[in-house]
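Pasting a structure here, questions to come.
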Amino acid sequence: MDRIHEMKTPKEIVDIMMSKDQFSSWLNLKIETIDKGSCSLSCVIKKEMLNGFEIAHGGIAYSLADSTLAFAANSYGFQSFSIETSISHLVKVNEGDTLKSISNEIHRGNKTALYQIEIFNQKNKMVAILKGTVYISKIVW
Amino acid sequence: MDRIHEMKTPKEIVDIMMSKDQFSSWLNLKIETIDKGSCSLSCVIKKEMLNGFEIAHGGIAYSLADSTLAFAANSYGFQSFSIETSISHLVKVNEGDTLKSISNEIHRGNKTALYQIEIFNQKNKMVAILKGTVYISKIVW
Amino acid sequence: MDRIHEMKTPKEIVDIMMSKDQFSSWLNLKIETIDKGSCSLSCVIKKEMLNGFEIAHGGIAYSLADSTLAFAANSYGFQSFSIETSISHLVKVNEGDTLKSISNEIHRGNKTALYQIEIFNQKNKMVAILKGTVYISKIVW
Amino acid sequence: MDRIHEMKTPKEIVDIMMSKDQFSSWLNLKIETIDKGSCSLSCVIKKEMLNGFEIAHGGIAYSLADSTLAFAANSYGFQSFSIETSISHLVKVNEGDTLKSISNEIHRGNKTALYQIEIFNQKNKMVAILKGTVYISKIVW
């Protein structure tokens, strides 16, 4: 059996990533779905995530989107790193809200890929949208 | 004495913001400098901030930059909200690193302003750079 | 009859904008569709639009997307101005290609709105994607 | 003589790029300075560059910045391509204005580099700022 050519599945890769990812763990991120080039996560906004306006800090939606981006991009089996991300915060997020991310692979080339991550609250209102470019390395997971 | 027209100082505003900002508190952000349109913060990378690659999660540098942006933009005395931010992660950040942010006000109009936040590590190497646009409301702090 | 409160239609507004827009005219932009918050344009790549790699200059897809953004955002009847735009160039564009833009209104608030403009070539391949934030003024067209 | 190891100078590379670049030629771009990782260009706003508001179309400042980015990034001798660019338009640009771009290399890695291009008018007021990420190929000019 040729183990060298065996690639890990998207779920196996994300399980490895999540098992070491202490910040995603602090955020209490739940994997909703994971597939090649696609990922959905969720998290519940707790007190420790609020900013000086007593709404969720912008870094929370960003972090949820960034983890979603990382999992979607790495799911093909090659280690991939975020080069550039931009996020628009559209609607205020409050304590107790449940956020859910949905990824959309816009383009996948040999060296770079482009993803869009939408974040919705429990009322299915889009609260933030992130556009992220990743570099795809040759390093196999 | 006309108390209505008394504006709070940048330090007073940021103290109010920080006192309620539980996430910045979790990040253990320290205010290095604060002035009108200008802010510098620092934080030390702890284990809970690492991702699946065992380097700091992209959300940490983003959050540090986003808090810096918020404090710089609000320091004039009018409540201001981030509309759009983009961040480039340039250099890996490790556990124990000390990050320091420096803001640069590129443009300030009546309704919107543009800031650039650079993040450096303890070796003065730039690890990330954020460009952020804020909306300036008429609400006085 | 109260003419003051009569708002121009999206088509009337864009006809005014286009009639004065000399650069869109040089680009030979054609209006495919126009409605409230929505616009589609097309253009054919000519020799004068090529760069040093003998493919379309990045400024061409940007300009097509930026005009689409302007028309979609202004179509409600209030003058609107681009604050921030980001574009990813995904696929090379050659002389003779026909580009078509399609707008997507992601969010519309009181003061700002967010649009995404996708650009396709004649083979329906996405060649570029722009995310644009506009400021909505109170000035009626 | 080992011709294989002879790299072209920044000026030689940009002269080749400019000689074929028909759109930069239409824009009437002038090279102010060119060096490794650094470029400054200028152009004068003509009637054909105006939009429906009778100010310079956003695509003009973008194109000037994008050409500056391309020349700065390619000047090292390896063909480089823009992956992602974001631009903020800060001040209106009028017919007859002279725009000048100045590049700033923020980061240069093995595979990607990050540049910031500032655009000033003849009164030295910043009218636009672009942040651009490029992919550095192994193809020698």
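Chains here go by letter, A, B, C and D, matching the order in which they are written, and residues are numbered from 1 within each.
As a working rule, a residue touches a chain if its C-beta (ideal position, glycine included) is under 8 Å from a C-beta of that chain, and two chains touch if they have at least 3 such contacts.
Since the structure is predicted, the reported quantities are computational estimates derived from the model, not experimental observations.
Asks: Pick out whichever of the two, B-D or A-B, is joined by more C-beta pairs in contact.
Replies: Comparing A-B with B-D, the pair joined by more C-beta contacts is A-B.
Asks: Considering only mean CA positions as chain centres, point out the chain farthest from subunit C.
Replies: So the chain farthest away from subunit C turns out to be B.
Asks: So what's the Cα centroid distance for subunit A and subunit D, whole Å?
Replies: Going by mean C-alpha positions, subunit A sits 33 Å from subunit D.
Asks: How big is the gap, in whole Å, between where the Cα atoms of subunit B centre and where those of subunit D centre?
Replies: Distance between chain centres: 30 Å.
Asks: Report, in whole Å, the distance between the mean C-alpha point of subunit A and the mean C-alpha point of subunit B.
Replies: That gives a centre separation of 23 Å.
Asks: Residues touching two or more other chains, restricted to subunit C: which are they?
Replies: Answer for subunit C, listing residues that touch two or more other chains: 83-84, 86, 88, 133.
Asks: What residues of subunit D sit close enough to touch subunit B in their complex?
Replies: For this pair, the touching residues of subunit D are 86, 88, 90-91, 106-107, 109, 114, 126, 129, 131, 133.
Asks: Mind pulling up the subunit A residues that touch subunit B in the complex?
Replies: Going through subunit A, the ones touching subunit B are 16-24, 26, 47-54, 56-60, 62-63, 66-67, 70, 79, 81-89.
Asks: State the interface residues of subunit B toward subunit C in the complex, per the touch definition above.
Replies: 83-84, 86, 111-112, 133, 135
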